[in-house]
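Heads up, the next two complexes both have subunit A, just with different partners, subunit B and then subunit C.
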Partner chain A sequence: MMGVGRMKARRKEEGRWAWRLTGFVTLCVYIFMFAPIAATVILSFNASMFGGFPMTGFSLQWYAKLMGNEQVLTAFRTSLWIALVTAAATTAIGVVTAFALVRFEFRGKQALSTLVILPALVPETILGVGLLVLIKAVDQPRTMLLLVLGHIMLAVPYVVLIAQARMVGIRRVYEEAALSLGASRFSSFREITLPLLIPAVVGGALLAFTISFDNTSASLFWRPAGVETMPTQILSMLKISISPEINALGTVMILVTVGIPLLGGLILQSLTRLKRRGQPKEEAR
Partner chain B sequence: MPDSHDLSEVPRPAAAGVARAGVGGSAAGGGETSRPAVEFRDIDIAYGKFVAVRDFSLSIRKGSFVTLLGPSGCGKTTILRSIAGLVDISGGQIMIDGRRVDDVPIYKRNIGLVFQSYALFPHKNVFDNVAFGLKYRNVPKPEIARKVGQALEMVRLPGSEKKLPSQLSGGQQQRIALARAIVFEPQVLLLDEPLSALDANMREEMRVEIKKIQKETGITAIFVTHDQEEALSMSDRIVVMNAGAVEQIGTPQEVYETPATAFVADFLGKANMLAGTVSKSDGATAVVLAAGQTVNVVCPRPLAPGSKVTIVVRPQKLSVGAAVSANRLSGRVVSASYLGGSAIYEIDVGGKTSIRANAPISGRVLREGEAIDLGFDPEGCVLLDEDGQRIS
Partner chain C sequence: MERRWTLYDPRLAWMLVAPVLLLLIFFLVLPIAVMAAYTFFTFVTAGVETSALTTANWHEFLTDSYYHGFLLKTLRVGAMTALLCGVLGYFPAYFIWATTFKHKWLLLLLLIVPFWISFTIRTFSWINILGEQGVINVALLKLGIINEPLPMLYNEGAVILGLLHFLLPYMILNVYVSLEGIDRTLISAARSMGCTSAQAFREVTLPLSLPGLAAGLLLCFVLAAGSYVTPQLLGSGRDALFGNLIYDTIMGELNWPMGATLSIVLFVVLGFFAAIYTRYMGMSQIVKGLAG
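Here is the complex of A and B:
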């Protein structure tokens, strides 16, 4: 009896240590992941001229300077536009592709579904060089259109994957029911399939936006002469010096790329909640 | 039991309606009274090389309740989906109310469809679900509200307009689905195993409910099921299917009591199948040697002595003990289950044949191992030939 009790105690002791170790490792991983982000954000408020620790005081001067930096503002606007167009186009392409891949049987379906995913598997640098070589081969200039098309190519696989996963979960009987009730194929897509796809649509759009907004390597190859996106702007600023302005810019980037998906999620959540609450009222009329 | 003439224009061969390929010559017939609500003419449906349905012909009278009954994979659901336009037919014609619909897209066919999985739109509330079909028929809004209210009244769920499907039980969801399918007064109501997702109690309740609503509205209903009890209790007419072909078409009583084939006898209820050999036949009765004993059965045409036959007897048609008047067979009780009013005996006859009898209790219930006499009337059975086709 005593032996059992002691063993239990020892096991308990071991378990406690195992938990402590797990906790410690987890903490390390999180520090490693978030310390750079934290450093960037904190240092962006540093009063010092140099973009590093120690802090010498709190200041918003780097943000003010950023606001006055025409180059940065232009790059921000450029990136924003590219990301918005990319998100819109990619979502439309992705949803339609996923619908086709899940709902229809056609020749070459397997090949198409592999081809669509391919850009996500090929290293971005290779894609960057490849598109550039292609453009040179057909003797076309690098334009904004090319840059946007490139971003769409990079983002489409992810949107297709997201939309496909959701589409598989939408049972065909819903569409069949809508058709039997008199809705045309288009109407049943618009009224039944699309609303049920909304989480994938929003999720895909947000992902496409962030993929485009913070893309660096491919953009370096594709951007027209004289055009800077946010990431390439930061890169070129870094060539000169590590200014605290970059920290401020980095913080803005983090806000945009983390904040927008977060905001989208929240909007989506409140939308569904509103709908549940609002729908009965709507019917009352 | 509804009158048999009330049911369908299919010319039924003989009394029990053996309907193999090609019964659909009925096309010319149906004219004088009223057009059939749905008519199949030699339908073939194939998926690539796999033939799901072959030579299916059927004519369904307006306002009747017809059940397609068969095991899974027999093609019954495929037939149903072909009426809806969800499956393309490879040959033949489908007519709804005299209009050929083979090339009419599903959304223009005006049919009501109820699915096994309810298929209520999860993001729309009950009102929007039920109103869906009306909206696409350009019914004015106040009219929609009135009709939806009526339909919900009919399925006994009034006031549930604002609920979402996820807030309803399975039975309630299926009622809403039913309301959604009938609210726009379709020409045909198609029900694809609508009860099989429900639990047993709810199933029985819904069976009565569906039948009641069908009668009230007078809608033509085609019901698909693999459950013989559902088929027997609800239908005006049953189409028994197997392996893509029709085995028998008839009223519930006809298919149950006079199965046209061995398959029908076996699939509907637990029929006893006694294999035997004809020893004498005179064109009115036949003497058959089965399980080592001789029995007399009604047989309208003479059979060659020595031909192999199967005698089909329902457990309820067997009498046991003192009640036996004809065709006495002796055996031994293998198991007995007491059901209150009657008892079910599993009886071993001649060491090889096991017979099930469901007999009213007179005196005491016999126990395992006891000797028992059983018998059946010469008219109380069905005789099948070697190929499993009915002789009498």
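Here is the complex of A and C:
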């Protein structure tokens, strides 16, 4: 029979192995997630004509070629505009919706909350076809406005959820105090609620931007004839074959879509730090 | 006489949600309703249909095994992807939750970064790994282990791999959120009562994290089964999923009534699974998972 002490030791040993296994799988998952992206970034500097390994030398020629590709530049500008408009509009209507959903009690609120997150759950193909069928049924052309409104719908659930999560933590007495001191509804929202919501506003806007900038499937259905967004442009370039130019394009896109949120986060962090330094008494509780 | 406005007047609430409500009605509810009606329209020729009502589209879908095959394959790929995500995603979620590593936020940030990288780019980047000139083939050829590149791309495995790559962060975050919600004193209590760490995990942590796992499974299944880009880029024609079938029916054959029928089928089938899920679990876990 095994002594209690030895059994305990064995169990401890088992636990350690289980933990090591967990760590190992975690490491593998992270490698799995980033290896293809790393390969793409590395290959974008390949001097070779072909989009693949082995590397034959370091070169920036594919970036130069990219800068001269008028189609790509146009698609980039198109996507940038759509994403900026989407981010601004989605944030505005999303924050207001979250405010209503958290502060107010009204009939149908539960149904509305469910409806609001549906665009995130219904496959884009279905959303894409649906809108197209509607447009065809009423004999309207596909326009830029339609594409932008569609992107807003796709981004709305995320902005509302982020703003709602933040909103729940803001106590209503602050707003009510402002109201009782004679502030109007609008100015109490603008002066009290909105500043407290800023992290959610920035976070939501950034997410809406990337959702729009990234959107592929739905944009394939909704884009007006002849218009390419960045992802649909990449898709049509890939129909031929993978080239170093696409890898370079991918790298630029990664820099934009990862760099902007990171930069935003850093700016936000330093802003709060500056504020804190400015008002040390208020922060010290 | 009109009622006076109260502080939290429902009328004001409706004014505030009006923009979102209108948008969702015109871009989500109405399209799906019109699409449902379109399934009964008569297809004349490419791009032309009449509103003469017919059940021909439904009849074609229900009797043609071509469509059934597509549907079954789509559900199979979706289920495989969701299960693999669940198994592979649980470990990192647990690790991030339990680790004493000081920069935990970095591990979480790395999970969110993929959401910022274009989905199309993440998908095609697999060509650089699996392709004939990809990392694996070139390395194996150099080492002399193989003489010819292995055909790893353009098959169902590559499609599932791509979907896994796209969906793992969703799963990990969902599980992590529900692990975060566990009262850690419960685990200490179980340990002090004589549970081994494995027992404490099996009896306390795992059951309490199941809602997150279930939400992740549903999300991964629905998103995988509704995908279009991944099978398009990483699969061959044979590995096309239902989303590709819908796209080709509408954009290629211009058969709108049939395309609408297929879309409604996918919508109803996936909605069925979501309904079963919400029947038992409710919506709140999905909401938590999406909000990160």
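The rule is simple: the second predicted complex is superposed on the first by the 257 of 285 C-alpha atoms of A that agree within 3 Å, B and C clash if a C-alpha of one lies under 4 Å from a C-alpha of the other, contacts with A are read in each partner's own complex, and residues count from 1 in each chain.
Basically, contacts are C-beta pairs under 8 Å (C-beta built on N, C-alpha and C of every residue); 3 or more make two chains touch, one makes a residue touch a chain.
Bear in mind that the values here come from a model prediction, so they are computed numbers and not experimental data.
With both structures placed on the common chain, the touch criterion links A:Leu179 to subunit B and to subunit C. When the shared chain is aligned, subunit C comes close enough to touch A:Arg103, but subunit B does not.
In the superposition on chain A, A:Pro224 contacts neither subunit B nor subunit C.
In the superposition on chain A, A:Ser187 makes contact with subunit B only, not with subunit C. Here subunit B and subunit C are compared by how many residues of subunit A each touches, and C touches more.
In the superposition on chain A, A:Gly169 contacts neither subunit B nor subunit C.
In the superposition on chain A, the residues of subunit A touched by subunit B in one structure and by subunit C in the other are 176, 179, 185. Subunit B meets subunit A in the complex at residues 84-86, 105-113, 115, 117, 119-123, 125, 127-128, 132-133, 136-137, 161-162, 164, 180-181, 184.
Within the complex, the subunit C residues that touch subunit A are 7-10, 12-14, 16-17, 19-21, 23-24, 27-32, 34-35, 38, 88-89, 91-92, 94-96, 98, 110, 113-122, 124-129, 131-135, 138, 142, 164-165, 168-169, 172, 196-198, 219, 222-223, 225-229, 232-233, 242-243, 246-247, 250-251, 256, 259-260, 263, 266-267, 270, 274, 283, 286-287, 290-292.
Considering their complex, residues 171, 173-174, 176-185, 187-188, 192, 195-196, 275-276, 279-280, 283 of subunit A touch subunit B. Of all residues in subunit A, only 11, 14-15, 18-19, 21-23, 25-26, 29-30, 32-37, 39-40, 43, 50-54, 93-94, 96-97, 99-101, 103-107, 109, 112, 114-127, 129-134, 136-137, 149-150, 152-153, 156-158, 160-162, 164-165, 176, 179, 185, 210, 213-214, 216-217, 220-221, 230-231, 234-235, 238, 242, 246-247, 250, 253-254, 257-258, 261 touch subunit C in the complex they form.
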